[in-house]
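Read through the structure below, which is laid out as structure tokens, and then see the notes.
Chain naming follows the written order as A, B, C and D, and within any one chain the residues start at number 1.
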Amino acid sequence: MSAPKKVVLAYSGGLDTSIILKWLQTEYGCEVVTFTADLGQGEELEPARQKAELLGIKPDNIYIEDVREEFVRDFVFPMFRANALYEGEYLLGTSIARPLISKRLVEIAEATGADAVAHGATGKGNDQVRFELSAYALNPDIKVIAPWREWDLSSRTKLLDFAEKNQIPIAKNKRGEAPFSVDANLLHTSSEGRVLENPAEEAPDYVLQRTVPVEQAPNEPEYIEITFEKGDAVAINGEAMSPATLLTKLNELGGKHGIGVLDLVENRFVGMKSRGIYETPGGTILLAAHRGIEQITLDSGAGHLKDSLMPRYAELIYNGFWFSPEREMLQAAIDKSQEHVSGTVRLKLYKGATHTVGRWSEASLYSEAHVTFEDDAGAYDQKDAAGFIQLNALRLKLLAARNRRLK
Amino acid sequence: MSAPKKVVLAYSGGLDTSIILKWLQTEYGCEVVTFTADLGQGEELEPARQKAELLGIKPDNIYIEDVREEFVRDFVFPMFRANALYEGEYLLGTSIARPLISKRLVEIAEATGADAVAHGATGKGNDQVRFELSAYALNPDIKVIAPWREWDLSSRTKLLDFAEKNQIPIAKNKRGEAPFSVDANLLHTSSEGRVLENPAEEAPDYVLQRTVPVEQAPNEPEYIEITFEKGDAVAINGEAMSPATLLTKLNELGGKHGIGVLDLVENRFVGMKSRGIYETPGGTILLAAHRGIEQITLDSGAGHLKDSLMPRYAELIYNGFWFSPEREMLQAAIDKSQEHVSGTVRLKLYKGATHTVGRWSEASLYSEAHVTFEDDAGAYDQKDAAGFIQLNALRLKLLAARNRRLK
Amino acid sequence: MSAPKKVVLAYSGGLDTSIILKWLQTEYGCEVVTFTADLGQGEELEPARQKAELLGIKPDNIYIEDVREEFVRDFVFPMFRANALYEGEYLLGTSIARPLISKRLVEIAEATGADAVAHGATGKGNDQVRFELSAYALNPDIKVIAPWREWDLSSRTKLLDFAEKNQIPIAKNKRGEAPFSVDANLLHTSSEGRVLENPAEEAPDYVLQRTVPVEQAPNEPEYIEITFEKGDAVAINGEAMSPATLLTKLNELGGKHGIGVLDLVENRFVGMKSRGIYETPGGTILLAAHRGIEQITLDSGAGHLKDSLMPRYAELIYNGFWFSPEREMLQAAIDKSQEHVSGTVRLKLYKGATHTVGRWSEASLYSEAHVTFEDDAGAYDQKDAAGFIQLNALRLKLLAARNRRLK
Amino acid sequence: MSAPKKVVLAYSGGLDTSIILKWLQTEYGCEVVTFTADLGQGEELEPARQKAELLGIKPDNIYIEDVREEFVRDFVFPMFRANALYEGEYLLGTSIARPLISKRLVEIAEATGADAVAHGATGKGNDQVRFELSAYALNPDIKVIAPWREWDLSSRTKLLDFAEKNQIPIAKNKRGEAPFSVDANLLHTSSEGRVLENPAEEAPDYVLQRTVPVEQAPNEPEYIEITFEKGDAVAINGEAMSPATLLTKLNELGGKHGIGVLDLVENRFVGMKSRGIYETPGGTILLAAHRGIEQITLDSGAGHLKDSLMPRYAELIYNGFWFSPEREMLQAAIDKSQEHVSGTVRLKLYKGATHTVGRWSEASLYSEAHVTFEDDAGAYDQKDAAGFIQLNALRLKLLAARNRRLK
């Protein structure tokens, strides 16, 4: 790979990406464009502008954007249509944000004539894979720089030395090492590393960033109603909301009730296991609600097919293949199923758990006329079941007869 | 089908199966053998013996058996090795009990020279399918009698009239209609019908049979440790227990903390949707614990394959195909994966939720040496990730280049 | 089911459906509308009109339609996009025609105010299921009459008696029983029953309806080129053709070279095995050609996902679920993959076999620059493979180390 | 990776692996052990011994083994139980041989105290992955040396120079470059590269190594019968044979009739497409025969599950994951299905095609009593089909009613 001339950097304004910014300038002598996105991580973006300027970035080269609506509408919601869970439990909060960042990095590169993009993910994790596969899938000629895989700043001390040598301001509380590493966006907060590295030990409560410990959640349950249209949540308690507003509101509700905290040991795409504490308060409620509305609006054929495709779909997102033909194929199948996934679900939030307690819809397939224990007025002829069972049994009878014959 | 001469009836001792018993005698003039099983439903069995005798069954024709250990060891535990969930949520508590009952019915038929078996499931539900497919798979020549599909006792009044005419004792509290229908065994209690038929309305607390309402659960969390060997739970808090004893203990713990209550609208195999309230206190804890121990002892290849096979496996059990070649094939695959699923999981039980907080094992695949944020002493070469990403990206780059070329 | 008042009958003009026509009139006293479709079965349709009139059908109630283009465009081609094979070998020639017939039956019922449709499939086969599931999926209130399951005309003699009594003309060669049963349309001819019922015995050459025995095929191979656009064949040897014209031409070519004869024992949806001889000359060539063009235009992600979905897709069509949400979901995924499946495939036809010998496309993903044994000018860095392998191996190494540790 | 001290090299005796042998000695100064296996590639092995000795290998360090029976029994046959086809067409002839070679390399390394193994596969292909994943899965501490990814002998000229400098004898016909590259074993021969690199151009007949061009195959068909026991072929025309003997015989038959030649563009695991000409004469016959016996001995539940698992199974083998938990899980499922896959299949071999014409078995599930067009004496009640269809249709009717209601 030839040296990059102009690089778009995913820049948070924090110490690490500031060091990367400077390192790109000094190592490659290249022009740097910064991209700072508001994905709902809960940090102000303007300080990032000031820091970028301080590090010599031209105002025209500083991109700061609020992408929360795009994030929820085009990434989070499509994923929730699939009820995606990685390894049975993880709501993919980090995974789903990476393709959007890469998409904007590549677009800004094309707009500014940059030939490379750079990110601050390490060589051990999944995020490098997600950033880079997304970037290459969108622009096959782009260069991707991953400083953590290249430089020799392999210890905290070396990083701080580099920062000092290059006059990068270091906040007082960043001198020492953080007790664990955090990633956040509107869908979730993940914490991992250091104090969390022993999977046998319970994570301390102070790890929680946006969720109260369950014991401190209110002693009274709270009921809410979420309304869906074509598979996407559109209102809470009857109030219509934009995607990001809605997820923000669900996060408040979930956080207050201690909902959506997951302690997981998962399999990284790069081959090792890692332990994370994930907080997905709103997403956890949303998944329960979406399953609730599907219960009455999807038939078994669609529902079971979705369930069988889901693990593969979740794996693709986890592994970084959002922008791949196979994810798009699965999305087409999933989206096809959501045409009538409209209606309202009632949930009870209490002490860390979400309980689905009711659901109704004009598009409901639930037929009390058929299922009732009372007289069904001929809606269903129980004698049909005899034939149904006989023909389902036929092959089993032939097998049993064969196996007896051979004994 | 020619008329049966001798029938083995799945007999609970309750009013409905007593009516069936009498109806078989009067309708077919056949000899009846009763089979009453203790599956952990929490009822005494001896009254069933007395009632059977009262209805003229010869002592030799009365089979009363405690099958709880067989139930958990040979049916529940194999199913939990698969982390089976039907439609994403249902732990299959009713489904998994039916094949065992059919197995014993067929075995008793063969032992007593009976040519038929009979059950008390209606023509609208799944249980008829499960009973009958299992029976036919085990004995292709057996006759199966399903009185609910045959007789004209289509209302409560007609049933009671038949009972009175035939001198079947009717308990006072059975005169009126129950507000909902209940099925129970050691794994779960299901409630459905009547007051529960409107899926929009929250189920009243009095539906709960074995679980306290979450609000009434203790205000202090309780920690427990479950130990697994080769995929099956073998001890709680270090105390070794037999399968049924262990599940009974988990039920106590879960019931006390309000764990494992599910309000679900599901798709029946016979084509309609139904709403049920399921209580699976011990099973819910067991699933969380099993996933917890798999997190550190299964690699991603085995785990992801299991996840992708699970929906099909659960559907087979739900639909009544326990005794089918394809369920056995999937079981072989699943069991193959469990050889090293041994170790201990620590869980926190609180207010309706199970939180996995720690797990450890001699067979752990978690490698702190690889994952650590600290110096890994060369366990992992971050530069390998560059090649890994490049080759995973190659096809995406070729696609992107092709698509750009064609624009 | 209340008695039908007006029935649309799938009417071939042959003896069996003429008997059904008369039976509907006499049994139900209902008005009959006949629908006779040209699906490419190779019979003239006008005689069906005359016979219908002879049996008293009003001219307005006689529908005769050439649906060959719709058949190939909307049913055959979508299915071939999936490379569908049932049980690894069967090209689904009968299965795919049934939904179209049902669709027109239901549409004509709605246009003529009929409340029922009727078909001539027996109670042992798959076709009854396909006809009826399609009809119910398109009109939930339609009645479906399947005379073969209802009447007592259970022997050839009884059928002929009924025909004579009702003055239905019987062609001389229909007096005796046919040596086997045939179904045909533009995609295939199936033969089954009677002389073919022993699966151990080779089918005699005279069974073949549209394909020469391989030994009689030309001694010289013939080369052809098929061009695809977005997954569908559009030209042969550079000559653009409509879907039905193209398939007709491929049938001629395949038939001449003895291509596409399959002797299969398959599993019917109703639970029994049956043996059929299938001739799909054009379809067999088309499948090879479609796979050929996908080889260079689909990437592995899309291709492997398609391959994994295919068995389920084929099973759905075989079982009669063309008009089901899950078939439509799979179709959406498959169609999504075909956007760039355009280009030309060169095939050699010879003595019963189709050999793909070349393929080219503007949308090709094949990169000689990458794959070449010669100097690749840096298109591919072989050192990347080391990292790729290391990370793919990591979990296997961790497993091996664990397993060694436990020994 | 520290330098290896003693290396076991997969050594063919040819020029390339002789160069590798010498390069290992000179580059690493390490002791070399050679392993030469007879996998049925059709070359004598003793010359390899002489060449190894000539290059200074101690007699004790020269391992020459006939592994043909192990190859067919433990690798080829298990794979054929799955009817494995990669990308719908490729019988995995190269893929399946690599794990066996790696297994012996690792075993010899452990026996001789070697700390490394080496192979002659390039950095562009799949074989490097297969060799190395297998080696690491069997010994997590082994080093693997892949000279083609390390050295700078990047052209034919440099290789020959190195050979000359190191006094490696060069056969006259090896001076020039071969027109294409060949790999062979008892299952297949693959040819790729150079003259075959343009996928639009038909491969010339001279590429074929073990199969006659179809036009030159006999003008008379030949009938054979293959007998299976538990899924594996055990006899041809009634003559019992060992696995390797049987496959050898099938290769002769297939080669004579021009059977099993495949021209394929496939997706390599490393991300690029490549074109190969594969000859698998015996394997092609074996697949047809195995499918033939499964047709009558497997029920639809087992068969359809197998078909749905097969693409993943084939992909795992292609990608080099033979020694992985997920391949072993799938194998357990597949093997479970083969218990009664016993019986005989009759095939007609003619001009490049294999035609299954008959099959019979004591374990047959085919029931003429059920399927017959004649009177079935009550084996099957056609009225059962009505109930079967009604309940299969119920959800479709509810869907149709819902969709109409919403219009």
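The rule we apply is simple: contacts are C-beta pairs under 8 Å (C-beta built on N, C-alpha and C of every residue); 3 or more make two chains touch, one makes a residue touch a chain.
Labels paired with UniProt names: A, B, C, D = Argininosuccinate synthase.
Here the structure is a predicted model, which is why all the values come from computation and not from measurement.
Note on B-D: across the candidates A-C, A-D or B-C, the interface recurring with over half of the contact pairs conserved by residue number is A-C. Between subunit A and subunit C, the centres computed from C-alpha atoms are 42 Å apart. The geometric centre of subunit C is 32 Å away from that of subunit D, both derived from CA atoms.
Taken residue by residue, subunit A touches two or more other chains at 267, 270-272, 299-301, 304, 312, 324-325, 365, 367, 370, 380, 383-386, 388, 391-396, 398-399, whereas all remaining positions touch fewer. Taken as a graph of touching chains, this assembly is fully connected, with contact between every pair of chains.
Interface residues of subunit A facing subunit B in the complex, by the touch rule stated above, are 83, 87-89, 122-124, 128-129, 132-133, 136-141, 146, 148-149, 154-155, 181, 193-194, 197-203, 214-215, 221, 261, 263-268, 270-275, 291, 295-296, 299-300, 303-304, 307-308, 310-312, 315, 320, 323-325, 346, 348, 350-353, 355-360, 365-368, 370-375, 380, 382-386, 388-389, 392-393, 396-401, 404. Put simply, subunit B touches subunit D in their complex at residues 267, 270-272, 298-299, 301-302, 304-306, 312, 321, 324-326, 328-330, 332-337, 391-395, 398. Residues 299-301, 340, 362-365, 367, 370, 380-381, 383-388, 390-392, 394-396, 398-399, 402-403, 405-406 of subunit C are the ones that touch subunit B when the two sit in their complex.
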